[in-house]
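Here come two complexes built around subunit A, the first alongside subunit B, the second alongside subunit C.
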Partner chain A sequence: MLFILKKMFYILALLLVNLYVCEYVNNKLTARMELRRGYRITRAKGVGFPLVRFFKYLSRSGRINIWTFFIFLLSLLMWSAVPITANLVLIEMDYSLLIAVTFYIGLIIMLFFNLSRTSYSAAFSETSKKVLILLSFLIPALFSIVSVVLISKTLSLKEIVNSQYQYWNIILQPLGFITFFISLFLQFKLLGISGKSYLSTGINIGKEGTGLGKIVERFSIYMIVFFLIIILNILYLGGWQGIYLIRGEIILAIKFYFIFVILLLMDKAVGRIDSYNLLVRINWKFLIPVSLVNFIVTFGFFMARDVYNLI
Partner chain B sequence: MADNIYNRIYSSSRSVFMEETGENLEFILKDKIKYIFKTGLDLLIVVSKDNFYQTAKELKENPELKVNSFQSIAAFKSGKKNFLIVNLKSFDNDFSVLLKVEISQREMEKDYREIIEILEKFYKAVKFYKHRGKIISGDYDIKILSRSLEGLDCFDLDISMDGDVVREAYVNIGISRIIGDDYYKSMELYNLITYISRFDWKAGIFPEACLCGAFEELLQLKVTERAQYIRMLLCELYRISNHIYFISNICNVLQHDIAYNISLLERERVLRIIEAITGSRIVPNFVRIGGVKKDIDEEMILNIRKNLPVLFKNIKRIEKIMINDFLVVERLKNTGTVGKEIALEYGISGPNLRASSVRYDLRKVKDSISYKDFSFTIPIGKTGDCLDRISVRFKEIFQSLRIINQIINKFPSGSFIKKINLSHLEFQSSAVSYGIECPHGLFKIYIEVEKNNINSLVVKGPSINSLILSEEILKGNKIEDIDLILMSLDISPGEIIST
Partner chain C sequence: MLRLIKNFFIVFGNIFRKPRTVIYPKEKIIIPDESRGVLHLKLDLDSLEVICNGCGLCSAICPQGCIKVKKRIEDKGREVLDEFCLDLSKCIFCGNCVEFCKMGAIDMSYKYQHAEYDKKNLRLEKIELIKPSSTIRDFW
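Moving on to the complex of A and B:
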């Protein structure tokens, strides 16, 4: 029992430290790219600013509803099945990938309902549209995940990492990696880590929420992005496997921050995507066909190798 | 002879054309009008209220005249009488008329409504000037307050929706109107010049140049060549500054942060040059009647010459970043399309009109400032959507840079101001209308003077026409595109607040 509590404490601490660092890096980078000076309230190059912002949000009176509670719960529960390193996993099971993805889809739906809580009747069509679009970005991601599963013949995330001891999956599945990364990037953009959130435009202008509700929303958005980056690492980039003498944890951290910074830079370089038509077009005319081709090729390869023993 | 034409002792070909048109009009509208005469840019026609309908009908429906564009309407007080002045324009025959109608003091509102009703039969855009309290306070789904539109904080927008598509849009500028016609009359002339540059704080030199130009037209005063060159230099610099600011606003709407930041930096570069010349960035207070306030020395010209290639390179870079990004192009293409006929009907001018493939620029038409000395082209668009409006402005920036390059290469010597004593001026009883091509469109001033005081001064900025047009083109667009379309029309809040 104590063992599990210890692990839970480790995971929470890791997430919180990461959250702090990412919030800091995010704000610093956006300030640099917008040619601002960045934080001026706190000294020491604004190290304490995320904390200041946290207290600033807390000091505002904000209404909390039932969705906020669910969001907070789900964004923590999501990490129960995901192995951060070889030993740092709360529950070890064979279907960890399946459970993690289920939690993730649930979280996104909760988040949308939370953001459109104010006026259901007017915003319903818009909200359902947004849910459908963001969920439709899951389709290419799921295709690429299934392709990886077919290659490594397992649903356990730990075993997927172990199966990459010779070479990473990115070499076997370049198309899958590209589709997964673009879908990750578009979700990153839609969630609005830097700058305004896309979800709160249109009818929901100025109803983003303040106080504790806002903190939980932001926390959950970060959790989704962390989750996606970790999954990308595990599926394609070899997870926590060490290189020579360097420990796996350090390698994972380097990869994690590399991808995070790349996403931030891309977010700034690409303009706002407002029109649904464009998003739907990108998805159905580029991402889904490419991932489908990748899946079919992988499936053929899988059938030839493992079912008919041709290769 | 050539010098005399240049000094405007004898009339130029343009004014000969205007006089001929005036004679033709007088012949056609013989019984219906009181009298007609040429006032600078326009032909002033004085009509009684009873004959107004027939005059307007004749102007609109006569195939020889084809007055198809409604420009503006304004009320003013001259002495103890109230007047209404209506500006109409024919793009086919290239002339514009001012219809001046007297309205009675007692039943002012009733008369005003009658005239608006008459005009509404011929021109669509007039419905903006009707009393629309009931329409605006009626049923709408969304009210966008002025503060939520960044950079356009001068009107409220009431929208009724059909799903997420705009069915009707109403612009309400009632919140922001601040001054009346009487405000100018108590002002001294030199105060007026300072005050009027606040009308357009995106490009402050143009109202000043327009006002001073109007007085020079009244006095038949020839400005020295050096002063004209300095004025042109500043006009082009402000045009560049305004267009870059416009592009930065568009980038802000698109949240294209990189182009946004670079464009603001380039605007800063232009504003620094302007500051070195005039001593001020936004409201220059630089143009005087008969010349300009200060001279330009060699050091400033060297500074401009150094900055020109840098500006060209960086703006080219911004254009490349924006136009090569397919996400930006997809967003801008086919949104807020303004057809050629609609553009002419609503009387928009400047780059917005040129984007709808109408090649009309006052710099080429009129010879008041010597733009004829330089070679430059007038870029036009094809379809008149947001992308065209942006690319036309990019091209205009390059043309302005080209003009500046020519100006500094042949900067004439001589005095920069012709000193006149303003305290003892006496005019004959006359009226003049003067226009200038400002970055948003056609900036116009109509002055009536008698002896040594200004009886009336009517200022007409171009942005109000774009705003009226926006009601029409917002229909059928999605709610996400509203701020983009409004921003792409380059509406200057200062004009709408104060005119």
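Moving on to the complex of A and C:
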């Protein structure tokens, strides 16, 4: 029991430290990319910015609704099956990928619909649009994940990492990596780490609420991004496998922050995606067909190798 | 796609460039050339009298109607400016008055800080508009 509590504490501490660093880096880098100075109220180059922001929101209102509470719960539960490093996993099981992805899908659906507060008159059209947007970046991600599962023949995240001791999966699945990364980027953009999109918040973009509810929403948005970056690392970039003498944990941290900074840079380079038609065009004309082709090729390879023993 | 890559490198380069914004009261930048501040009534340097003869064209042309001009006629029949009132709370600094003035009697200073506690203080009279602005086009 104490052992599990210790692990829970480590995971929570790691997540909170990451959250703090990422929020600071997000603020600072986003400002510098726009040739601004960024937040300067706190001394030492605004290191205390995330803390100040946290208390600013907290001082406004302490109320949350039940859906926000579930979002908070899910964003913590999501980490129960994901191994952050080789030993730092709460529950070890053979179906960790399945459990983690299920939690993730549940969380993103709840978050996506909670972010928008549409009026009842526009509820139907807005909801159907949201479902289409959700599907358009969930399907490529799922196809990519299934392709990796077919290659490594396991649903355990630990074994997927261990199967990459020779080659990283990015070499075997470049298309899968590209589609997963673009899907991650679209989620990063739509959920609004640095700036909200009309597509995720609906027509009432400025009325998303303040106080504790907003903190929870922002926390869960970060959790989704962290989760996806960790999964991307595990599935395609060798996870926590060390390179030469450098420890795997350090390599994982470097890869994690590298991807986060790349996402921030791309976020600023692309501009806001506010056009629903543009998003649907990108997804249904590029992402889904490419991921489908990747999946079919991988499936064909899997059948030939493991079922018919042709290769 | 090429544009995206170009944007990516521009954004990346921006991280290492000097920020354009400053922390206002502490750091200052040069006021841009031709920037528009509060109106200034020019003086004739020989006689040290106001060049404006109070024709009222600026008042007529002002889109916000923030200029009020009153003239008087002296004994010799010469028209001179009696009152000139500018309401800064309405002024949009369009510069029409400067452009249309036939006498070239008005120009725009670089004075830009107009924050006041009382709205009455934003009504500037002739004497205040004649005074040369303390703000020159240097550092804020």
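Everything that follows uses one rule, which is that the second predicted complex is superposed on the first by the 290 of 311 C-alpha atoms of A that agree within 3 Å, B and C clash if a C-alpha of one lies under 4 Å from a C-alpha of the other, contacts with A are read in each partner's own complex, and residues count from 1 in each chain.
Following the convention adopted for this analysis, a contact is a pair of C-beta atoms (placed from the backbone, for glycine too) under 8 Å apart; a residue touches a chain by one contact, two chains touch by 3 or more.
All of these numbers come straight from a predicted model, not from anything done at the bench.
Colleague: So, on subunit A, is it clash or fit between subunit B and subunit C?
Modeller: Clash - subunit B and subunit C, as placed by superposing on subunit A, overlap.
Colleague: Could you tell me if A:R305 is touching subunit B, subunit C, both of them or neither one (first, second, both, neither)?
Modeller: neither
Colleague: What is the contact status of A:L265 with respect to subunit B (first) and subunit C (second): first, second, both, or neither?
Modeller: second
Colleague: Check whether A:I273 is in contact with subunit B, with subunit C, with both or with neither, and answer first, second, both or neither.
Modeller: Only subunit B is touched by A:I273; subunit C is not.
Colleague: After superposing on the shared chain, does subunit C or subunit B touch more subunit A residues?
Modeller: Here the partner covering more residues of subunit A is B.
Colleague: Please indicate which partner A:R60 is in contact with in the superposed arrangement: first for subunit B, second for subunit C, both, or neither.
Modeller: Once the two structures are laid over each other on A, A:R60 reaches no partner at all.
Colleague: Touching A:K6, do we find subunit B (first), subunit C (second), both, or neither?
Modeller: Neither partner.
Colleague: Using the touch definition from the top, say if A:M33 reaches subunit B (first), subunit C (second), both or neither.
Modeller: Touch partners of A:M33: subunit B and subunit C.
Colleague: Looking at subunit A, which of its residues have contacts with both subunit B and subunit C?
Modeller: 33-35, 268-270
Colleague: Can you check the complex and tell me which residues of subunit B touch subunit A?
Modeller: Residues of subunit B touching subunit A: 141-142, 148, 163-164, 251, 253-258, 261, 265, 325, 327-328, 330-331, 478-481.
Colleague: Considering the complex alone, what residue numbers of subunit A touch subunit C?
Modeller: 29, 31-37, 40, 265-266, 268-270
Colleague: Which residues, counting only subunit C, touch subunit A once they are in their complex?
Modeller: Answer in residue numbers: 4, 7-8, 10-12, 14-15, 17-23.
Colleague: Enumerate the contact residues on subunit A facing subunit B in the complex.
Modeller: 33-35, 122, 125-126, 195-196, 201-203, 205-206, 268-275, 278
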